[in-house]
């Protein structure tokens, strides 16, 4: 992590909130090996879980509901981090907005923690991947090649932070 | 609006929060003429403005600051709505996270209000477009063709809801 | 809208949050034709719906519950705007506080957006109009003339912004 | 307090949040001697102070600012409680929305705590009483008889809960 | 209250939020007779009740649930105030986090209101006292001497502010 | 981690929010080696930082201010975890309430994540350790043995989760 200044991580990789200091943005670093060190993904995961719970606070016409299980996971590629969120509920309505909100907030959190190193990041394609258990039947996004990932989660969405 | 059921709009196009009822998702409708009717974009604009103010509540390591002016605007294409957010502040730190959060929340709000008509929507490319007035100088995203849109706003981001 | 400066609306009537600039308050403008243009009522409607969802956050001894449908409507008179909120729930408790909170917040939002044009506005009579489905039976406010408006909503309240 | 059931107060007059139980609404009780006992006004005062701090969260186009001093006071009449809120700030913008929001929320809190005894209460006239220190000069509501109460607070508003 | 400056209480013992002014911290005052005067405990009780409702907002992996009854009570000793919180729910999960959060927030509120008089206060032992009705059976903290206080509340916790 | 069921961690030690399932509480596990694995401390750190920012939302008479840097650190002993929070600000008031709130919330978060393994945990002594830069001069808690830890942070508090 020699030439990168992740100002939200201390030298041991622990999250901190710091006063902004002059800094030199460097080259592309999203999803590099450095990011795996430290708390970046743990912080983004927490942010996503909390966002799922507060979705109806932020999305005006979204119904309040009691979120059940929330999982936020990451896949780290050479120049991207893919974010996947699964949300379950026993409530009467779907939870795709909760999953989308979790995913978007986790991605924004990654962006926030890495922006001092790379301001050219893009938060790409956010979409519903799979929805089960609702009144309108199972929804599964059409993919070239098939539906390898037919899990039993309620609503799953994915997002990508690219650089 | 005959064959579309925007359950978040009443027959006069006014926003409402409704109990979820059985409905038939139909074909692509994002950004069609129907969406311009009613409150959809007004609701999304409010959601974006409020999200800008609450950014540090949702993004864990983001500093609290007092947001100044916030503008959220839309460009409606044949099969997309582009969302642009500008945020100003007199504070010591940048406001790109506030602009990104406003943009993402406005796009999620559009998605929420249109999802009963089209579940295949994608929230695409969210990126910082321009940043001025910070310590690290002016940032302007590199574009094929030039920088037509050299405004004097602080931080501008764009987002797209496609279908 | 020549002689009025609604600083929360841009020239096309879209909501924006602006830095406060010197301005000349003019004459009475609440509920004039100008107010119907633009986003004022749409913003107030969103504010009311969101307030209904957050009632137990603001009113200390109010129980949390999952709000179902929320409708906020307006009647525009010559020198007033009447605000009516209906809230439904499937929960075990009543929702009159949610309806009252929605109504008060929508009225305050109108006040906020119009105060640059008229600082003499008054937010008048806020009262429960009708309550159905609770354990204590149907409540209907005693009115001179009769109960024309015996709808089947749960809790309905009204409020008035006068000038 | 024999024939009144203030379900939000325990027998010693301490606030509590209780499960809703069957109850018999009785006659008018707002602002009677009973209400002075116990925590009602203390709870309403806290609710008003907290609401002042969260105004920009609830009123969509209201700017965030750092509230300074907040005072919420009550005058108890035979069949009404008058609520007065004063808010100070060192910020660049006015704080009348914060004072109005404090007042409305304190009144709603009184309503909530007394509604089991009297469902016919009305929350009346909410208006700006006095505003000082802003760019647009001193504002003082025109009153029949004079300006007895020319205090030096920034923004003062009043509200009334009548029964 | 001659030699103590409780800056959060006015001369009549009513809560207020005040601008910070130079002040002389004096000697130990927590839980003295002065504290009983005025709104201190009423404000702390409200803070605890509201905290119970917002627990899942603050504790990241805590599930949202609909809190039922909440009681926060105090025992005032010579140099301490003991805080006890009971929380009920009809939800499927336990509410000990809600009770702990209520207790901690009530204690912090007492600290905040008394810190101008005594900066050496300590918030001591916060622990679960009793838990009933959950799947894991009744839990009761082992005490020297027996279980005098076998109430039927769900979850009870205690906390102490010492000086 | 064989005989312990940290239900908030998946087998790889990543945080998740899960539906509550029947579980057997076992023996003391706070601060054991297992806890160091996984996200427990990272989640608690995020919770503490976010709580610092939202202090005035939870503590009724606490002034809103713009928190600067926040650090939350842990010391892991044989049967305890000590929590230390430092908060800086450029604002005019002290930030000890923000530091205390961060510390308490981080400790409650640890409790929440470990309570399935040990319900007998106690959250102990929460106190102000050091305060600098305020109007009332430097405060440093009197300790047996000296002031080894005379750092230059503004407000530092400590807390302990014992088992």
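Should a chain be cited, it is by its letter among A, B, C, D, E and F, assigned in written order, with residues numbered from 1 in that chain.
Assume a residue touches a chain if its C-beta (ideal position, glycine included) is under 8 Å from a C-beta of that chain, and two chains touch if they have at least 3 such contacts.
Treat the numbers as computed from the prediction; the structure is a model and nothing was measured.
Participant: Treat touching chains as neighbours and tell me the shortest step distance from chain A to chain D.
Facilitator: Steps on the shortest route: 2.
Participant: Touching chain B and chain E alike: which chains?
Facilitator: Of all the chains present, those in contact with both chain B and chain E are A, C, D, F.
Participant: Over half of the interface residue numbers used by both chain B and chain F, so same, or under half, so different?
Facilitator: Counting shared over all numbers used gives less than one half: different.
Participant: Pick from C-D, B-C or B-F: which pair repeats the contacts of D-E, with over half of them the same residue pairs?
Facilitator: Selected from C-D, B-C or B-F as the counterpart of D-E: B-C.
Participant: Farthest chain from chain B, going by mean C-alpha coordinates, please.
Facilitator: Chain centre farthest from chain B's centre: E.
Participant: Taking CA centroids for every chain, report which one is farthest away from chain A.
Facilitator: Most distant chain from chain A: D.
Participant: C-D or B-C: which has the larger count of contacting C-beta pairs?
Facilitator: When the contacts at C-D and B-C are counted, C-D has more.
Participant: Between chain D and chain F, what's the gap in Å when you average each chain's C-alpha atoms?
Facilitator: A distance of 36 Å separates the two centres.
Participant: How many angstrom between the C-alpha centroids of chain F and chain E?
Facilitator: About 18 Å separates the centre of chain E from that of chain F.
Participant: Name the residues of chain B that each touch 2 or more other chains.
Facilitator: In chain B, the residues touching two or more other chains are 15-17, 43, 46-47, 49-50, 54, 60-61, 63, 66-68.
Participant: Considering only which chains touch which, label the overall pattern as line, ring, star, complete or other.
Facilitator: Topology of the interface graph: other, matching no listed pattern.
Participant: Among all the chains shown, which pairs meet the touch rule set out at the top?
Facilitator: A-B, A-C, A-E, A-F, B-C, B-D, B-F, C-D, C-E, D-E, D-F, E-F
Participant: Flag every residue of chain D that touches chain B in the complex, lowest number first.
Facilitator: Residue list for chain D touching chain B: 56-57, 60-61, 63-66, 91.
Participant: If you look only at chain C, which of its residues touch chain A in the complex?
Facilitator: 46, 49-50, 53-54, 66-68
Participant: Can you tell me which positions in chain B touch chain A when the two form their complex?
Facilitator: That would be residues 8, 15-17, 20, 22-25, 43, 46-47, 50-51, 54, 58-63, 92-94, 96-97, 100-101, 104-105, 108-109, 111-113, 115, 119-128, 131, 135-136, 139, 141-142 of chain B.
Participant: Could you pull out which chain D residues touch chain E in their complex?
Facilitator: Per the touch definition, chain D meets chain E at residues 10, 14-19, 39, 42-43, 45-47, 49-50, 52, 67-73, 88.
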